[in-house]
Structures are given as structure tokens and as C-alpha cells.
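By written order: A, B and C. Residues from 1 in each chain.
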Amino acid sequence: MKVLLEKHLNILDFALSTIWRRKQKNISIFVVFSAVIFLLASFQMLTRSLTSLAQDTLKETPEILVQKLSAGRQTGLPVVYSDGLTGIFGIKKVVPRIWGYYFSEVTGANLTVMGLDFSEMPMADQIDLTLEEGRYPEKGEAGVVVGRQVEEVLQLGGRTTISLFRPDLSLKGFTVTGRFADEASLLTGDLLVTGLKEARDLFALPRDQVTDLCVYVANPREISTIAAKISDIFPDTRVLTRSQILKTYQVVFNWRSGFGSICLLTALAAFIIMAWDKASGMSAEERKEMGILKVLGWETSDLMALRFWEGVVVSVLAFITGCTLAFIHIVFFQAALFRPVLLGWSVIQPPLQLLPEFSLADLLLIFSVTVLPYLAATVIPAWRCASVPSDTALQG
Amino acid sequence: MLIELRAVTKIYNRDRPNEVVALKEVDLAIEEGAMFCLRGPSGSGKSTLLAIIGCIFPPTKGRAMIAGKQLARLPDRFLTLHRRRAIGFIFQQFNILPKLSVIENAALPLLPLGVSPRSRREKADRLLEQLGIIHRRDFPAEQISGGELQRLAIARALINDQPIILADEPTAHLDSRLSLDFMEIMSGLKEAGKTIVITSHDPLVADHPAIDRIVEVYDGEIHVF
Amino acid sequence: MFFNSYSLALSLISLISLLLIMVACRTAFRVLRYWEPASDSNTQIQLEGEIWLSSALVKYGLALQIVSLLVFILSADHFCQVIAGAMCATGSLTANDYGIPALVVKLAGVFVYGFWLVVHQLDIRSEEYPLVRFKFIYLLCLFPLLLADSGLQTMYLAGLKPDIITSCCGVIFENGGGTTSNLLAGVDQGNTLLVFYLIVLLLFFLGGMGLWLRNNIFSALYGLGIVFFFGLALLTITTVMSSYIYAMPFHKCPFCIIKPEYNHIGLFIYASLIIATFSGLTQLLLPLARRPAVSRSVASFRRFFLVVSLVFLLVFGVLASYHYLLYMLKGGEY
């Protein structure tokens, strides 16, 4: 066992010297491979960091959302439904909410307008702490809290009043009372939050209707049970849990990331073909060297091990380099190369502070689609090189 | 006998249109501690004979016993393992790896044996010292002189203390002084108990007093003088 | 659910494995047809050279299989985030009928590849290569196994639908209750632990006797025992040990112990168990490869693997019991 280990260490040592002696070929493989790994790793890390960001941001959202469906589409939900929920044990609070999209023709931006009664929210006394500055509007006040990107898109500058169009094209005025923190931009970048009555007025919704009910549950383990009960009481509603919403985000990120990865796999395939080609090509000098080693007592399996270790050293170095560059790309350059693929196109682009976690799963994943195929591509060429007849060295 | 060949025949590409009979029913016996010289024109079967003695491939027919091992039908792996233990090679043009240092070249046969770096250094240093090139230990092989290369090649052939040394045209690219130098070293090794087989056209080799026998190879057959 | 990194990785690994083993099978066919040890023809020399290629391909196959197994479990853990109702890997794997069979076939593959390599090492110790035919017939059996592996994996991935409610591990592994069938219902923790430790002691006794007395009967009994123990160990980890690792009495899942939150302890536990089982199984399988030319090697391999098995059994026992014993000693139970 000890001899076997020592043998492989010796061969590894010789492999390092061989890599150095054939610098040009190995450096070109290293550079291209690092670039391919960089691309794949960036994608994977970006997906992971967006998912974490979404998870963190969604932590405090309502556990259950109740919406009304008619002919498969969302319609106004009668406010009286919230009374029907009071009988369900385990519900902490029910907060009716109105939300919708407001299209700004001038800027081409789609803004999300949300209206609810802030005094009804859980921890209502601390709600202002969620803002970067200012406060939520009082009940009855035509005030609004906006995201930073909304400010930019509506070109507020220093102004504190904005006017939005009702459906009948009459103007409704708002006073900007607060601004959301940049860290929450993923969800609040395009958001305007106002009182329930103000939102109803802006969208000209009937008095007895809201868009959905936010249901806060005391015990997280009861969410599914309570959701099922709500569904039973109001069969014409769609009951969404927070975990379902998070999963939906993740499915989108996963799908986009998978799609992007498939495109990058073509780059990987091209690299593998190049690797095969380089590994197969043996110069006369290399051939002679193999023959010499054979005559000196190196077995075919030893020569294959030599090629294997050469491949491992180059590919692992490329892996470390590619992943490090990917990390730098994500953290310091905010994944500039790939954001449009994963975040879609939009007039409003939220600034994000992405911090990818280093997980064994991600590293193993990237490793298995890069280093393993490379090593597999070199096994047959390595055997061919190692099968050089011993008497090659005897021919002057 | 350390090397014994009985009715050894080697046929390349058997049963094919390009079949070649390289050796025909060759008998040869070399005792331990002897030095033989093989001579013959190219295509005579000399290289094939050397390759069989060197355990590079087995004969097609006949018995080849090298350092106590019967070669016939030995798979390549076992030929290699036996060769590693029994045969030290000195190639034509020495076939040193030019970018490796002198000591790395000398210790090359020890790598697949799992010999630790320290033991390798010790063995190699000892041999380089005996051969008088210890001062060139860490130089790249491409920077040393022809004579030093020759000694390095010998060191590499001896590193594993193999009982048999095979030298293939070792003086082909050397001047007479170095050729004589080479033969003096071989002579010393013979006295130390090594069995040596040299292929050479060089009269400085064939006529050297240390040579016990000359084997003429011609058309796949041999004559021993 | 193919459009995500994990599915792509698994599919790529399967494809590569299939390609490599197909090349190895080509050699297998050629060897079985043309192998003539007494000949020195070009074909025979070529075939002797191709043996090294086959062994390298199977080594790669083994490495890929181990990675595939790991990635498969990690994928299942990742998929639980998008499959409604699945709380962890268990929920993902039971989301359709193909998850658990795919996992079992992958695990079996690790053993099957491993044994081929052991037989190969045995074969090349003898100048006659006495196990060549046996070895290459065995190699041909790897291909259908790989096909089954890839097929089940593909069916599993294709059958995953993000919006189908599945059972989570809390329902499957909880004692009693639940509307879905309880896989491990009625398992008594106390008795399970008792049997677990008794079998461990018995195995140490059998293995020790096998080594000390150089008795093949003891080693063979050890081999049989370790097969039974493998299943028992998985049961014990799931129903007893895991909840101590999670420090949650109702979280009984065999997969979450691999996660970074638990310092990946599951990797070490399962690795040591698999190595111990594999090495123990060789006690039963090596005699199948016994030929006069390799009988000495068979004996030395048996001893070597028995020692390895006992060492890793000890490592497994310590790792698996650590959290349980820590709780028992520090948690005020005694």
C-alpha cells in the first residue's frame, strides 16, 4: 500500500515536470478550460445567490395569500371573505390587500401599486423600520412609499408629490412619504405602496372588493393545514402559500439557469473535442520519451497514470481558477455578463448585492460537468500514448 | 547461464503477406560476468536479438531464459516487470531526457518502483560519484558534454543494480577517446560481476580485451567467435 | 425537469459513463472472441494492451458512478425546494416511482464496478491472466446495469413535476400517524439499537477470528453478516441516529445528514459503511474467482480486505454513534 502511494507520488512529481516541459500546450488548455469553467460556474453561482436573495427577502411575507379566480383568471375578492376566516384556529391576522400594475406611458415602465391598511399589519408599530427613510402613510393620507428605481423612472428628483392616472384618465395625487431600502430591490424596485382606500381609488375598484387577503399564521407547521381549510371554506379561491411562491421563483431561476447552461455546454463540448485532439497528438519527441520510459521499466499502466496526473493537475488548476474568477465576477461585477438572462428584460433593473455561497453541491456540480468530462476525454488518448511499443526507443 | 537462447525464432506479421523472419533458430548462451559484442549489418536481426535478450518482446518459437525467467508467452506486463529488475539499458545516442537534470535522469527507472525521493537521491548520488559526474548533478542534461552524457547513461542503466547491461551502439557518436573511456567503464563493471552485451560496429569495442566473444548476426542467424 | 443544472449534470455523467463502458465492451467482445494466450500474433498483443484500456475505463466508470450517486442525492435535496410538499431529499425521491429504484441501482453500481476492479487486480498478478474470460463476461454485464441506471434516472427526472404534492420525510419516517403509508412504521428504537450493536460486536468477533485463525469459514460468515448489517445500518441511521444528529426527534431522514448544516457527516458515515460492506462482501466473492494460478493472491486479498472492512466498520460505528452517545452522556439521560 505504501509502495503504491509512493509510486503515484513519484509519477505525480514527474507529471508536474512534464507539464512544465510542455508549457505551451498545457497553458493553452488551462486558459481555455478556465474560461469555460468560469462561464458555467458564474451561471451556477448567480442562480444560487438569486435564490438565496429571494429566500431572504420573502421571509417576512404573509404565510398564505388568498385570491379569487373566475374562469381561471384572478378577479376581485369580496372583503367579507376575511370574516369567514376568523373561525379558523391558528390564524394570527388577516389583512386585505389591493394591488395591480400601473403602466407609465412616458417611461414605458410597469409599476406595481399595492394598497393595504398598515395598522393591520403584524408588528405595525415597527413597520417604519423597513424603510430606508421616511414613514408609511397614515390612514386617510394620500401618501405613498416608493422603491428607489420608481423614483428614478418617475424622475422625482427632490419632488415629494406624484400624480398617477385613474382609469378614467383623471389624475390622483400622492405625497411620497418614504423610500424602500436598496437591499430589498429585488421585490420593491418597481413598487409603490399606499393605503387601501387610495389604491382602491386609483384603480377604481368596487368598495366591497380587494385583490387578495394576506393571512398570517402563528405556527409555521400549520400553514398547509390552514391553507387546506381555507380552500375548503372558499372553493372559488386560489390559496397560495409562501413556500409555493418561493418555489415558483426558484423554478424560473432554475429553468433560465438550465437553459443558459445548455448554451454553455456547447462551449464545453468544443473544449472537450479540443482536449481530445491535444491529448491524441503525440510529437515524435513525446513518442520517443514514452518508448524510453517503457524500456526503462515503466508499465503501460504507469504511463497511463502519468497522463492521468497531468490531466488532473491542469484541470484542477483550471477549476480553481475558473471558480475564483466566477466568484469575483458575481461579487464585484454583479454578474454583468449574465444578469439579462436570469433577470429578464425590464425598464427597471434593481441593484443587487449578490453574495454566492460556496457549497459542496455547487462545486461538485461544476466539477462533474467540467473536470470529469475532460478527464474522460483524455483516457483513450492516454492509453494510445502509453501503448507505444517498447522497441521505439531502440530505433536510433 | 544468465542468458540462454535455444532455437529462438522471431517472426513479425506471421501469416500475413508482409511476414518477416527476423531470427531463425538461434542458439546463444552467455554466462554470468561475461561481455559479448553483437555485430551485423542493418536488417540482419541484430536489433531483434537485442530486444529479446532485453525482454522487450518474447520469441515466436524456442526457449529464451533471461536472468532465470522463461520469456516465451510472457505477457507484456511481466516482461516489463522482469526487465525493470534484470536489464539496464544504454541506448544509441543515450536517449537522455534533455530538460531533466542529471540526477533526475539517473533516477528515472526508480520512479515506478515507489522508491522515496530520499532513497532515489542517495542511490543516484552514489552512482554519479562513482562515475565522476557528481559535480553536474543539478545541471539540465542538455547542458553537459558528450562524455558526461555517456556516464549519465551508464548511471541510469545501473541505478536498480540490474545484473545485465545492454548497450546498443554506445560509441556510434563518440570520438575514440570517449569510446575507450566507455569500454574502460564497461570493463570495470564486468569485473564487478555484471553481464554485458554490446552491439557495435566499432573496432575499438569489438577488439577490446574485455570482450569475451563476438557474435556475428547475419540474415537472422548467428556465428559466435 | 431537465432544464436545470443538476439534471444536466446527471445526464452528462450518464452519457459519459455509457460511452466509456461501450468502448470497454468492445474490448470484451474482442477478447472473448480472439484471446489466445499461446499466440504472439499482432491481435493477441493488441488485446493484451487493450486490457489496460478496459481497466482504466472501469476505474473512470467507478469514479463517475460515485460522483453520480452523490450528485443524485444532492439533486434530490435541491429539487425539494421546487417540488411542492417535499421538505428534503426523501420527498423528492418519492415524488415518483423511479427515484428510490434509481438510487438503489446507482448504489449497486458502485459495488459492481468495484468488484470488477478487484477481479482485475487479481488477474494481472498471474502471468497466465487466468481470469480474463470471467472478467470480460463480467464487464459485459456492466452495460445493462448502466442502461438501467440511466433509464431510471431519466424516468425520474422526466417524471418530476414541480407542482405535485408529495410526502415529506416527516410523514414517511415519523412513528405512527400520517395518512400516507409509513415506510418504517412500528420500528422500535430501543430494539433496533440493541440488535445494531450486537451485530457490530458479532462482526468484530467473526472478523477477528477469521484473521487470527486464518479461517475461511469465519471470513465467509463475516461476509454474510455484513450484507445483513448494511440494511440494518441504514435502518438504524434513519430511525434512530439521524434524529440525534438533527437534534430533532421527528426528523428522521437518511439524506439530510449529508448537508453542510450537519458538517456533511453523512458523507463520512455512508462512505465508511460502503467501504466496510464492499470489503466484507469480497470475502464471499473472491472464492468465486479462485483459480490455481491466483490462489495465493486470493488469500492475501481476503486478508487485506477483511482488515480494511474491520477498520471501516469501527470508523462507521464511532461516527454513527457519536451524536447519540453524546446526547445520552451529556443530555442527562443517565
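Here is the rule we go by: a residue touches a chain if its C-beta (ideal position, glycine included) is under 8 Å from a C-beta of that chain, and two chains touch if they have at least 3 such contacts.
Because the structure is predicted, anything quoted here is derived from the model rather than measured.
Each chain gets a centre from its C-alpha atoms; the one nearest the centre of all protein C-alpha atoms is C. The chain with its CA mean position farthest from that of chain A is B.
Judged by contacting C-beta pairs, the busier of the interfaces A-B and B-C is A-B. The centroid of the Cα atoms in chain A and the matching centroid in chain C are 33 Å apart.
Each chain gets a centre from the mean of its Cα atoms; for chain A and chain B, those two points are 64 Å apart. Distance between chain centres (mean CA atoms), chain B to chain C: 49 Å.
Listed for chain C are residues 49, each touching two or more other chains.
Among all residues of chain B, those that touch two or more other chains are 57, 76-77. Among the residues of chain A, those touching two or more other chains are numbered 300-301. Contacts from chain B toward chain C in the complex involve residues 13-15, 57-60, 73-78. Residue ranges of chain A in contact with chain C, taken from their complex: 43-44, 47, 51, 224, 243-244, 246-247, 250-251, 254-255, 257-259, 261-262, 265, 300-301, 304, 308, 359-361, 364-365, 367-369, 372-373, 375-376, 379-380, 382-383, 386-387.
Within the complex, the chain B residues that touch chain A are 47, 50-51, 54, 56-57, 76-77, 80-81, 83-85, 89, 91-93, 95, 97, 99-100, 104, 108-117, 156, 160, 168-169, 172.
The part of chain A that touches chain B in the complex is made up of residues 2-7, 10-11, 13-14, 17, 21, 288-289, 292-302, 390-391, 393-396. Contacts from chain C toward chain A in the complex involve residues 2-9, 12-13, 16, 19-20, 23, 49, 52-53, 55-57, 60, 63-64, 67-68, 70-71, 74, 77-78, 81-85, 162, 260, 264.
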